[in-house]
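Take a look at the structures listed below.
In what follows, subunit A forms one complex with subunit B and a second complex with subunit C.
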Partner chain A sequence: MRYDTSLLEKLKSEFPDDVLNMEATGPMPHALIKAASLKRIVGHIRDDKGFNMKYLNCITAVHVTDEHEGKFRSLGFNLIYNFTDADFSRSISLKVYIEDHGDGSINNVVPSIDIYYKSANWFEREIYDLMGIFFHYSKDLSRILLPPDWVGHPLRKDYSEQPSYNDMPTGRSDELQSLRLV
Partner chain B sequence: MITLNRELPDNVLITTVDEVLGWGRKNSLWWLMFGLACCAIEMMHTAGPRGDLERFGVAPRPTPRQADLIMISGTLTYKMASRVKLIYDQMAEPKYVIAMGSCANCGGLFSKSYSVVKGVDQIIPVDMYVPGCPPRVEALLEGLVKLQQKVQKEKYLRK
Partner chain C sequence: MALIEFDKKLHKGTVQNRIELVRISNEEMVINMGPHHPSTHGVIRIVLRVDGEFISQARPDIGYLHRGIEKIAEGMSYHSFMPYTDRIDYLAAVNCNIGYAQAVEDLGQIEVPERARYCRVITAELNRILSHFMAIGPIATDLGAYTPFIYVVREREFIYKMMEAITGARLTYNYARIGGVSRDITDEILRDIEKYLDHLIPFMDEYHRLIGANKIFIERLVNLGVISKSEAMSHSLSGPNLRASGIKHDIRKDDPYLVYDRLNFDVPVGTGAEGTIGDSYDRYLQRIKEILESEKILRQAISSIPSGETLGKVPKRLVLPKGEIYSHTEAPRGELGYYIESDGKSDRPYRLKIRTGSFSSMTTLAVKIPGMMIADAVAFFASLDVVAPEIDR
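== the complex of A and B ==
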């Protein structure tokens, strides 16, 4: 599963307007693309014989923040898509950046790719559950890991816990607090 | 005839019968096959050939309706908590709970996590806490033996 930079250059030559940037160095060379053209590019790399990316490895999200005195200010999210081709020899990685301006500006920006890859549904549900990004045109986007009536998205850097959930306290008093040195 | 109105006097006959009843009850605690996480593997080893659970009379039952003892082995999450409470409510009285492992005792390794119940005693009453991560087979058997001593001392006929 080699991350092939020639594939990135081929992608850039076929979609010159949509590929914004190309990071060819580092352990995972990726191409930064616009959110609006994600579906077109994904459809192309799945069906085109030059790419033949039949396997979706993973979709992850990274919360990009600006830290100031311990408080995190949310700037945006990086969504990273990893694909591998049908004989598991080459891989490609795509990155989408969505800006976070406040309430709901990250929702319904990135389209869901579950019409191309069925396994994308669970990855997107996990990202919605833990990061809060609502994917557009997804066939079923509900919480997958946490209980369905959970409030908040835990893996964000500015997440703070609720004091209790369904009458169960989320903390436990530490009886050994007075003995601890730290 | 001996009636179970629990107001019988404390004479030698009643205490002896109480002891016999306690002996019978402690040597036939049927356990519910309920495992959540890695402690369940140790629980399976305890039921295996080397740390034999059945020699104490604890027969494995798959349904809570027929079980007396539930060993909460593993990490309890908020999503699972309502189901564990449901299973505990389905057991018939008198029932006993062993909290096995540090995740069931107090949240354990995951006590700073957002999705873990910090100790199973926040939803069900626990009779015996067995520490360890996971507790050794001998440690779980020691916990079971101490629970048996607790069951033996219960006053069943007397007040």
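== the complex of A and C ==
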């Protein structure tokens, strides 16, 4: 990915209040932005000729946790958006952090960008399915990989599987154990 | 009764679409295409709302091959995860291997020896030929012509024998290692590959005359499922699908990795040879052209491969520095991107995300299929060349 750190600085100068932080070093330089301004910034970088980010590479979600004495404490989620421009010469990466308020609910403030990119809807559906992050004003947010009546969001670090799904046990069966003639 | 249930806990502004059976017009019917279907390339289900043969609404339903590879990766070391990457796209296994190895090596600043890079390029291009064969064969089969598929299967056997000599396996190779490749390619095998390439070009000509120049084949594929340039960008298409729509983008040229910057090859684009740019015939022709380009790359790589090591020194317990990377390579089905985040302490990834070309290709279905007849939808779907494990992971 041809990351261009001058693009990050340009973004910071054009949106001084919305870009919280700029991480220009490392293998993936990115800009940390406020969740509420995501739609505005994405619309700008898609349409503005200085950015021209017409290609959405990927949307990724990471569950940020803190491990303390073997127990996971969920802190929040990082959403990483990777874009490339129309000539495929430069890339930019945006990161959004959503806090988890500890009572099982997330402060869902992330808007969907599916009005800008037609592929965004499926990326967001996958994130909703596996991580449980809602996207506001999405034109279609439903589970995509897992069955629609699945409970839970598997990619979370604190996920534990339901014991059975539609009367099918999800763990290993103890049949061998029961056959032991002791 | 609704076909697809929805999660009760909606959040503001979001909708969840479903296809309703209630209040449907008398002529319309909701039918399933898949998941057991000879023409869906793997277990993919598309719920179609049809009026006779004409489709008015299509909704793909995926997830039948979801194995939770990304979650599995969080519990395994970087070295141990390599065989899982084979199964992301089993038709182009080496490309998936080297994509993953490259992401880990870029994050960990691990050097790969020169000979190992050439070995990776040679096996990757052989796999690309294999994979494109498996794309152009089933296009013909889905239209009812079974012979081209048999031709293609016979050709794949030749390449299977060479890959078995190199890696030991026929389909899922587990060839790349972090820091190099697992086995060296001997000179004898390189001569065998060159002999096969001499046979490949006349075969491609014969294959194209057999089916590609056939009037019925052309009539069925031209002007079908035309994806324009802006649509292709918006749908995040990649690989041959993107190039067939007229966009000259190849990661091997635009963001070179391994030794592709030293090799001479063209990037063919769709020209609307028999119809419109970006129709299904262009996508078929694109794969034929790319096989010819792969032949050029292979010849150059074989003639200029240096001697040396094939595996660098990498610790058995590999801990990557804290950070994240998104690294992409050009797999036969599109951009294969690996996002790896490491927490700097453990020898396992904290998060591994795999971005595949087939997943974004599937987003075109719901947009393009309505309006087609079922047989045309099958042909369009075949031209997109998706595989189920890439979509579901």
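Criterion: the second predicted complex is superposed on the first by the 165 of 182 C-alpha atoms of A that agree within 3 Å, B and C clash if a C-alpha of one lies under 4 Å from a C-alpha of the other, contacts with A are read in each partner's own complex, and residues count from 1 in each chain.
As a convention for this text, a residue touches a chain if its C-beta (ideal position, glycine included) is under 8 Å from a C-beta of that chain, and two chains touch if they have at least 3 such contacts.
Quick caveat: nothing in here was measured; it's all calculated off a predicted structure.
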Touched partner set for A:Ser13, first subunit B, second subunit C, both or neither: neither
Subunit C versus subunit B, contacts on subunit A by residue: C
Partner chain(s) touched by A:Met28 [first = subunit B, second = subunit C, both, neither]: second
Which of subunit B and subunit C A:Tyr165 touches, first, second, both or neither: first
Touched partner set for A:Ser93, first subunit B, second subunit C, both or neither: second
Subunit B versus subunit C as contact partner of A:Pro154, first or second or both or neither: both
Partner chain(s) touched by A:Ser142 [first = subunit B, second = subunit C, both, neither]: second
Subunit B versus subunit C as contact partner of A:Cys58, first or second or both or neither: second
Subunit A residues contacted in one complex by subunit B, in the other by subunit C: 145-147, 154
Residues of subunit C defined as touching subunit A within the complex: 4-7, 10-18, 62-63, 66, 68, 70-71, 106-107, 230-231, 233-236, 249, 254-255, 323-328, 335, 337, 339, 341, 350-351, 353, 355, 359-360, 362-363, 367, 392
In the complex with subunit C, residue positions of subunit A that touch it: 1-2, 26-28, 54-58, 60, 62-63, 80, 82, 86, 88-89, 93, 108, 112, 117-119, 121-122, 126, 130, 134-149, 154-155
Subunit B residues touching subunit A - in the complex, by the definition given at the top: 78-79, 81-82, 106-107, 111, 114-115, 117-119, 122-123
Touching residues (chain side subunit A, partner subunit B) in the complex: 145-147, 150, 154, 159, 161, 165-166, 168-172
